[in-house]
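All remarks here apply to the structure that follows.
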Amino acid sequence: MTTALARFTGNITGRYPAGDLLAIRLPIALLLCLPLLAPQLLPSSRLLSLAITAAIYVIVANGLHIIFSYTGQLSLAHTTLWGLGAYTAALLIDHYSWPTIALIPSAGLVAAAGAVAIGIPAFRTAGFSFAIITFAFAEIMRLVANNWTGLTQGSIGITVFAAPSSLGSISFDTFDNLPNFYYLTLGFAYVSILGVVLIRQSRLGKTFVAIRENQELARSVGINVYAHKLTAFALSGFFAGVAGVFFVYHQKHIEPGPISPFSAFFTIQFLLMILIGGRSSMLGPVLGALVVVFGPELVNTVFSDALTPARTQIVFGSLLALSVLTAPNGIAGQTREGFRAVVTTLRHSRARGRSWPVSALLALGSGFVPWAVPDRTLDDREREAS
Amino acid sequence: MTAILSVERLAKSFSGVRALEGVDVQVREGEVLGLVGPNGSGKTTLFNCVTGFARATSGRVSWQGRDITRLAPDQIARLGVVRTFQQKMVFPNTSVRANLAIAWGAGARSANGASLFRDCDDLLRFLGLTPMASFPAHDIPFGFARKLGLGLALAAGPKLLLLDEPAAGLNEDESAELGELIGKITGLGVTVWIIEHDMQLVMSISDRIVVLHAGRKIAEGQPGDVAANRDVISVYLGEKFARSS
Amino acid sequence: MEQELTQFFQQLFNALRISGVYALVALGITVIFGLTGIVKFSIGELLTLGAFLTFSFWDNDRVIFFLAVPLAALCVGMLALLLERAAFRHTLEQPINGFIVSLGLILVLQNVVIEAWGDEARAIPPVFTTIWEVGGVRMPAHDWFVIALTAALIATLFGGLRFTKYGRAVRACAEDREAAALMGIPVDWVIAGTFALGGALAATAGGLLASMQIVHAYFGAQYLLKGFAVALVGGLGSIEGAVVAALIVGTTETMAAGYLATEWRDAYTFALMILVLLIRPTGLFGSTGRLQQTLQ
């Protein structure tokens, strides 16, 4: 834990040059703090509601990140687990009026259990088979939600007018205290980011990545790949389940309809977020969520409502296809490449004795023109690999 | 000497092709056992069956008295039987040190308590990989990647190490270095079973050799005896040479 | 007793009808997979597109139904070819990327349909209105027509793959792409043609469906899944498997839905598919090789 924090703040001596701290970590930290100002910055409560949606998406996307980006398993049941968490929360509120503090772990655990239930048969295969089986289970869950009317009220769904339990005098009611609710959701979004970072730094996370890189090799050194995949899946389900609680608080309603968490629509949407944001970065899901939620908003503001929901989907679908074809590492990856280009060019230029202004200019240029990047030397690689 | 690994009447068929038939091998504790044979004779298949990466059609594999024939590869590895791979032998996008760290945590080292090395840095030094510890594994020269593959198996804390053609693609100097390294490994108490085509290497480091041909064991014994064995010569060089020897 | 027998045969007839449609979709999926290892999930939307195009061409008998369907199939086939040239051909090395691309295409195609046709439902009235009754079993003539047409198409496909030069080229490429290329077979175009074929098959299924039920922008998805289940059960890459599996799945599903709870209809097929994937991942007729590479 302390190592992770130390690494984040760049305090491990010798391995993180000061330039790294100022140039990368600080701006990222500042950007991450920006959402705290959202209630002040965003003019309308509709936009704040969108921000809440984005925060919820961040939690779900971070869950998908664990199973898809780290462990390399394409699960098409992730958003259904989100819906499962939402149903759990809705039912517990409706029947037993459970407080938030009990709902969050419960929904998380139910979704995690669902993940394990799916994973036990599904992880006996891999690749496409795995993806298809998860898809089949997702569809089955949707059917269950639709048909088990005794429990789920079928296609009508469950409506609950509830808000998170108040903390002393602080109310989180979405009608009167939307900013408070936003901060609560944002808080959990931050926690989910922290969770993803900690998992990645931990021994468990590294094993996940090892499984993605070379499964047979992992087996040969004694790693129980099956158990680890199940664990990754359960963790990702937990994140999704928790997000489901906030979904219910926000939307007040859950049903297995065509634009619900139980639909292929959201499955593809979240896949898009991960791919756009970048699979190899811990901030990828965040970036992806922001693009998917605020991108259409931005376009519509600039081009006065040119994007209908249908057209938005066309754009997203094309983006998904394009990003797989051209930018496998997403925005985060491209930014990192661009950044690396800038830093390397700067160093090389200075090493050749050019003055600061000229070097800076060249460096900025190389950030935009990727083929002007000088080859990395051994020194550079050593610097990068740490 | 006691046999710690015992392969009894092992057979393996893939859709009609009999890759292995009636193979009996005993690996003795502390030795270096060489496994040779022409291409396609079933050597890697034998390794796969022993380590759980392939399912034997019939026969039995026992490790320290325990039947491991039907166990999963990771279970077998945790029991102390670790193999290397000829290709895709490292985790490519992870640094060399992190590669070892991954294998370090998982293996028999924790189960047996006794560790071969103090920590990953110790292992890095042993392998001679310290200067490139922070490089991503896909970026290091081939010879070093081979050593890293070997290191991964060592990090898992093996009592029996199965090396699948570790010298393939290495030049003479690198092969000699590999031979020394294997010597050091045996010195640590690890039993080694090695598949190799590099005859010079195999003859020099093995205590005994087993020869496979077309899925069957055709010879077994001391390197010198095996080299003079008529069947072995005929299999490698043809009948003419066998008759003349 | 007689009533039960009647019901049994009625179900059997319904099953036959639906199996034909499943077979077409499954064949589309399986020929593409067999050749390239790419799982083209967007084929469901090509089916939807086929249905809507057929509807537009037919347009209250402006063009007769018999022509509208092949016309639609042709258009969709060309679209599929374009998509292959533009997008899928870059994913041949990493088929899972092709899968993700197809997911994106689902969104694109589905919403193109919504933009162009709106999201109300459409239907084409059946061409033949006579309903034959044999021993209490109702068999609309139109359904028989669909069954016959489907059977004819499948037979043509089999014949084409076996006897024509193109068919041989496809089989060669499916076995060993590099060797085929070395023999002078234009592998790129064979692959592009197969994508077009897959699209055309799906579109035909869509057009036929438009005359059998109500179609709307989202209706392709369920046939995608069914077609997929069929292709998997039969063995991805095996056209014989696709046909046999279509009959098995169609019958199982219709029988189960008829005798057990109907609303779980889809679940029976999915359960069957999951079981097959777990027990025999290569399906009934599938072979290892390409399947091993891609499913693992």
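By written order: A, B and C. Residues from 1 in each chain.
As a working rule, contacts are C-beta pairs under 8 Å (C-beta built on N, C-alpha and C of every residue); 3 or more make two chains touch, one makes a residue touch a chain.
Owing to the predicted nature of the structure, the values given are computational and were not obtained by experimental measurement.
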Steps needed, at minimum, to go from chain B to chain C via contacts: 2
Remotest chain, chain A as reference, centres from CA atoms: B
Pair sharing more residue contacts (C-beta pairs) when A-B is set against A-C: A-C
Distance between the centres, which are taken as Cα means, of chain C and chain B, whole angstrom: 49
Centre distance in Å when chain A and chain B are each reduced to the mean of their C-alpha atoms: 42
Geometric centre distance via CA averages, chain C-chain A, whole Å: 35
List of chain A residues in touch with chain B within their complex: 203, 206-207, 209-210, 213-214, 216-225, 381-382, 385-386
For the chain A and chain C complex, residues of the former touching the latter: 74, 121, 124-129, 131-133, 135-137, 139-140, 143, 146-147, 258, 264-265, 268, 271-272, 275, 308, 310-311, 313-314, 316-322, 324-325
Partner chain A, residues of chain C touching it in the complex: 39, 87, 90-91, 95-97, 99-101, 103-112, 114-115, 218, 221, 225, 228-229, 232, 261, 263-264, 266-267, 270-271, 273-274, 277-278, 281, 294-296
Touching residues on chain B, where the partner in the complex is chain A: 51, 53, 72-75, 77-78, 82-85, 88-95, 98, 101-103, 105-108, 134-136, 139, 152-153, 155-156
